[in-house]
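Both complexes below contain chain A, partnered by chain B and then by chain C.
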Partner chain A sequence: MRIINRKPSRVTALALGALPFVATVIVYSVASHYRRLENPADKLLPSLESMGAAFWRMAAIPDRRSGDLLLWVDTFDSLWRLGTGMAVSTVLALSFGIAVGFIPHARSALAPYLATFSLIPPITILPILFITFGLGELAKIALIVIGTAPVMIRSTAQAVLDIPREMIIKAETLGATVWQMVTRLVLPQVLPKLITALRLGLVPAWIFLISAEAIASTTGLGYRIFLVRRYLAMDVILPYVLWITLLAFLLDRLLLLLSRRAFRWHHAGGDAL
Partner chain B sequence: MLKSIAKASLLAAALTLPLSVSSLQAEEKKDFKVCWSIYVGWMPWGYLQDSGIMKKWADKYEIDVEIVQINDYVESINQYTAGEYDGCSMTNMDALSIPAGGGIDTTALIVGDYSNGNDGIILKDKTELADIKGQSVNLVELSVSHYLLARALDTVGLAEKDLTVINTSDADMIAAYATDDVTSVVTWNPLLSEIESQPNATKVFDSAGIPGEIIDVMMVNTETLADNPNFGKALVGAWYELMSVMSSDTDAGIAARTAMAEASGTDLAGYDAQLATTKMFYTPAEAVEFSKAAELPATMKFVAEFLYDKGILGEGAPSPEFVGVSFPDGSIYGDTNNVKLRFDPSYMQMAADGAL
Partner chain C sequence: MSSQADHKLCVRGVSKYYDGVPVLERVDLDVDKGAFCTIVGASGCGKSTFLRMLLSQEHPTRGEILLDGAALPEEPTPDRGIVFQKYSVFTHLTVAENLILAKEFEAAPYTGKLFGGEKRTALGEIDEVLDRIGLAAAADKYPSQLSGGMQQRLAIAQALVKKPSILLLDEPFGALDPGIRLDMHELLLGLWRDFHMTIFMVTHDIHEAFKLGTRLLVFDKIRHDPQAPEAYGATITYDLPLKAPDTGDATPAPDEIAGVIRIAGNSTTDKPKDTNHP
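Let's look at the complex of A and B:
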């Protein structure tokens, strides 16, 4: 049988999926072991135990200075910034996306500007953001919005443009107003694609969140990583990286689940990654 | 299955070998690498490499020394701690927390200078240090700025809990000061003088108030130095040859300082202004005397207590004495079984005696 037709069984598929993860852990453990043979206090590749201990310390033992459980404070603050930023981006994507995609005059006015604006690397305008929005939460959320909204608007607008022309003509023939077409035709077609845009937007959003927190902050996952980097505490950094990865993964899956539950018709065509 | 596990572990070992092997070779060697980052007191390292003075001294001792500039200060220390470099320029405080706290036995080979006004606290629209109470203070957390703030607060009977520290990247400090939210910053030169020149800024405390506590040192790996005395001799010899040139107002001295000024992005006047707030040890005798002074152990005690208080003195450090620091007279601060930072002026003494 040709290899493209050989399907792994459920167990094999699970094992194959786990393999790269297990291999990474083994490679890490071996490297860490040899480095610690040389220097038991090595900071670069700490043992899995010391990472576990550091994670426990961050998650369950109150900080000596502030009395807070640092991991949860950091996680809550970061997720709040990320959530607020993405909520704003999503609202912008939906409203501007439909306007640009559905109304030719709005498209002429905004599309070239959005295309240009979305190409500005947001990090480069950070000093402008600081001076405009100050150093507080607002600048961090603004960075996330500026980094994600233009691309999300563009992909939402494209989703509106992709609606078959025939459906719009049919709605018009049946006497639908513009508002009725937006609520009954455009929204059902566009909402699932908005969720996809949101899922893809989360990837840069995390990057901008971490960068914003690295620059001026008192809490947050990115703040903690850049703070402890000053003394090379990889035993804190590596578990934090895994934690961020896990949070990002869960958010992504939750959005996918939401999309499957809420917009069954969109997923009828087949499975997606 | 067993076979494949064996294969996998062999493969893993092969893949990780480059990561683990660098620190294994501590015996005699010929090629050395040291790193430095941009700071007024360390600009000579770049000039040593460019001018060929380093090569001259390395040739004399039949070794090869490469001096590498790294753009990010913390990254340069991390690289040294990871074993990529044999030496690196850093402050006494960062040497204790990063390499020494990380188990890398480190020796202060060349005590180059101490900050004598190069680090300072600036308030916006206020003129007294005590006014800092209740404010948000922007600084690079856990850096010498943070230490300076802690020492300054001691002098007016305040503590860190009386204010809010906001970790702010040094790259964004000047832009941060321009915003309305920011009312006080702690930073170092050249940022310090740039911010101080703003009309509403007042410097209320600087490192001249704690002279000799923020020390800039060429730190080298103790084991490498013990196995290769020539490495230490070449570095020290080259350094003090340049110091005597640099401190003079001859054409050669001005040319050297101009080159360093340009490399640090300023001009001769700007660089000389930074040197004025830096107590350079231009002669080895001065540096030896400073290393042997009774104040040094007291300073290191302050530093260790600060690091312990902030929870950055190594994993699970039970007390400020967790990492031992040895001094020229043989006395030791902290754990005698865990001495990882050594002030050893013997190489600088050789230079003072003209024995290099």
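Let's look at the complex of A and C:
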């Protein structure tokens, strides 16, 4: 049978999915092993055990200076910044996205501005934010908002424009006001796509979060990995990178699950990744 | 020309241009209350444009359309119901929710949504409609879970919730199987009699047009310039009164049918005909 028609069984699919992960771990272990044969104190490719020990130290043993469990403080602070920033972006995406997508005058007024604004590389605004808002939380959250909101607004507006014109006409013939069309037609039609925009927005949001924390912060996942970089502490950096990846993955899956639960009608016709 | 108030709908010298290109030119039409007008014509001859103008989704470049003797409202209103070929129902609402939506718009100006007891009352009132369109068992399904015929039955029922005096149908059965179409014809004719509506229905199917209509309107170009096919717009070239659909005999003259089919049947081929080029 042609390979395009051969479908893996559930077990095979799981095994195939695990394969690249296992291969990566094996390759790393082998490389680390040979490197430490030459120099037992090598810091570049620490052993899995030393990474585990470092991760445990960060997660479960209070810091000698502050008495905090650093991993959890970093995680909480980073997620709080990310969550607040994305919440603001989501509110902006909904309100401006629906206005731009649904009301031609709002579109004429805002679409060119948004298109221009979204092309500013957000990281170039970071110094301005630090100067304006100081080095506190506000500047970091503002960077996340500026980096994600314009694109999210534009994709929400596009989602509104993609609502079949027939549905909007039909709502008009059923006697709906503009506000009723927003609450009963536009909002429900757009929400699943907003969640997709949110999932895609989280990717750059993590970049801006880590960047802002790396440059000016006293806590946070990004702060930590850039701090321990000075000591070549790969045994901390690598687990932190894995931890950040895991958090990002879980957030993404949670949003997908939410979308599937809340918008059953949207996912009825089969689903993508 | 008779007085405008006698007719349900009057179309006076209507032309429609898109970016200077004429689609419809000098369309004149008077339609009495209760008529079932079927509209046929080649692809791109403006019959859907004409329907959209009756809906106020688009506006004539020249001329005017009068409804009950007064100018047509500038935007779609509940007095004219519409069924499109697709996307007519709301995909995020179940069958029952689709049917109570108009009631919700009316009863809840700010949220557009009824809750609790009010919603249960509204849902109770649509049982009869659900039975009539044969969707009682599917009341809690989403449109994507329904067949094409079921979706269109829902679309028609939804369009009639506000009891419009005019129902506009834009190729409503174009995507359905022939067997399903026959059921839809019965449903539509029954609703037409019960609701005393004036119906305009665009269709590709000439037999459907003859079977359902009391009046057949054929849209076509009178003039055709082979060097510039876009130079002239279409208008109503045939306006045939048909029998009442339930009185059996009185088939229109075969040559008339032939003339109509020659024009409307070859919808995909764009061969020049009736040319008047120099």
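Structural remarks
One rule holds in what follows: the second predicted complex is superposed on the first by the 273 of 273 C-alpha atoms of A that agree within 3 Å, B and C clash if a C-alpha of one lies under 4 Å from a C-alpha of the other, contacts with A are read in each partner's own complex, and residues count from 1 in each chain.
The definition used in the following text is that a residue touches a chain if its C-beta (ideal position, glycine included) is under 8 Å from a C-beta of that chain, and two chains touch if they have at least 3 such contacts.
The model shown is predicted, which means the values in this text are computed figures rather than measured ones.
In the superposition on chain A, A:38 makes contact with chain B only, while chain C stays out of contact range.
Legend: residue contacts after superposition of the two complexes on their common chain; A:172 is shown touching chain C, with no touch to chain B. Of the two partners chain B and chain C, more residues of chain A are touched by B. In the superposition on chain A, A:180 contacts chain C only, with no contact to chain B.
By the document's definition of touching, of the two partners only chain B reaches A:30; chain C does not. In the superposed pair of complexes, A:49 makes contact with neither chain B nor chain C.
Contact residues on chain B toward chain A in their complex (touch as defined above): 8-9, 12-13, 15-16, 19-20, 23-24, 74, 77-78, 81-82, 97-98, 101-104, 138, 140-143, 160, 164-169, 172, 175-176, 178-182, 310-312, 314-316.
The residues of chain A lying in touch with chain C in their complex are 164-167, 169-177, 179-181, 183-185, 188-189, 263-266, 268-269. Contacts from chain A toward chain B in the complex involve residues 23, 26-27, 30-31, 34-35, 38-46, 50, 53-54, 63-65, 126-127, 130-131, 134-136, 214-218, 223, 226-233, 235. The touching residues of chain C, counted against chain A in their complex, run 55, 57, 75-78, 80-82, 84, 86-93, 101-102, 104-106, 109-113, 142-145, 158-159, 161-162, 164.
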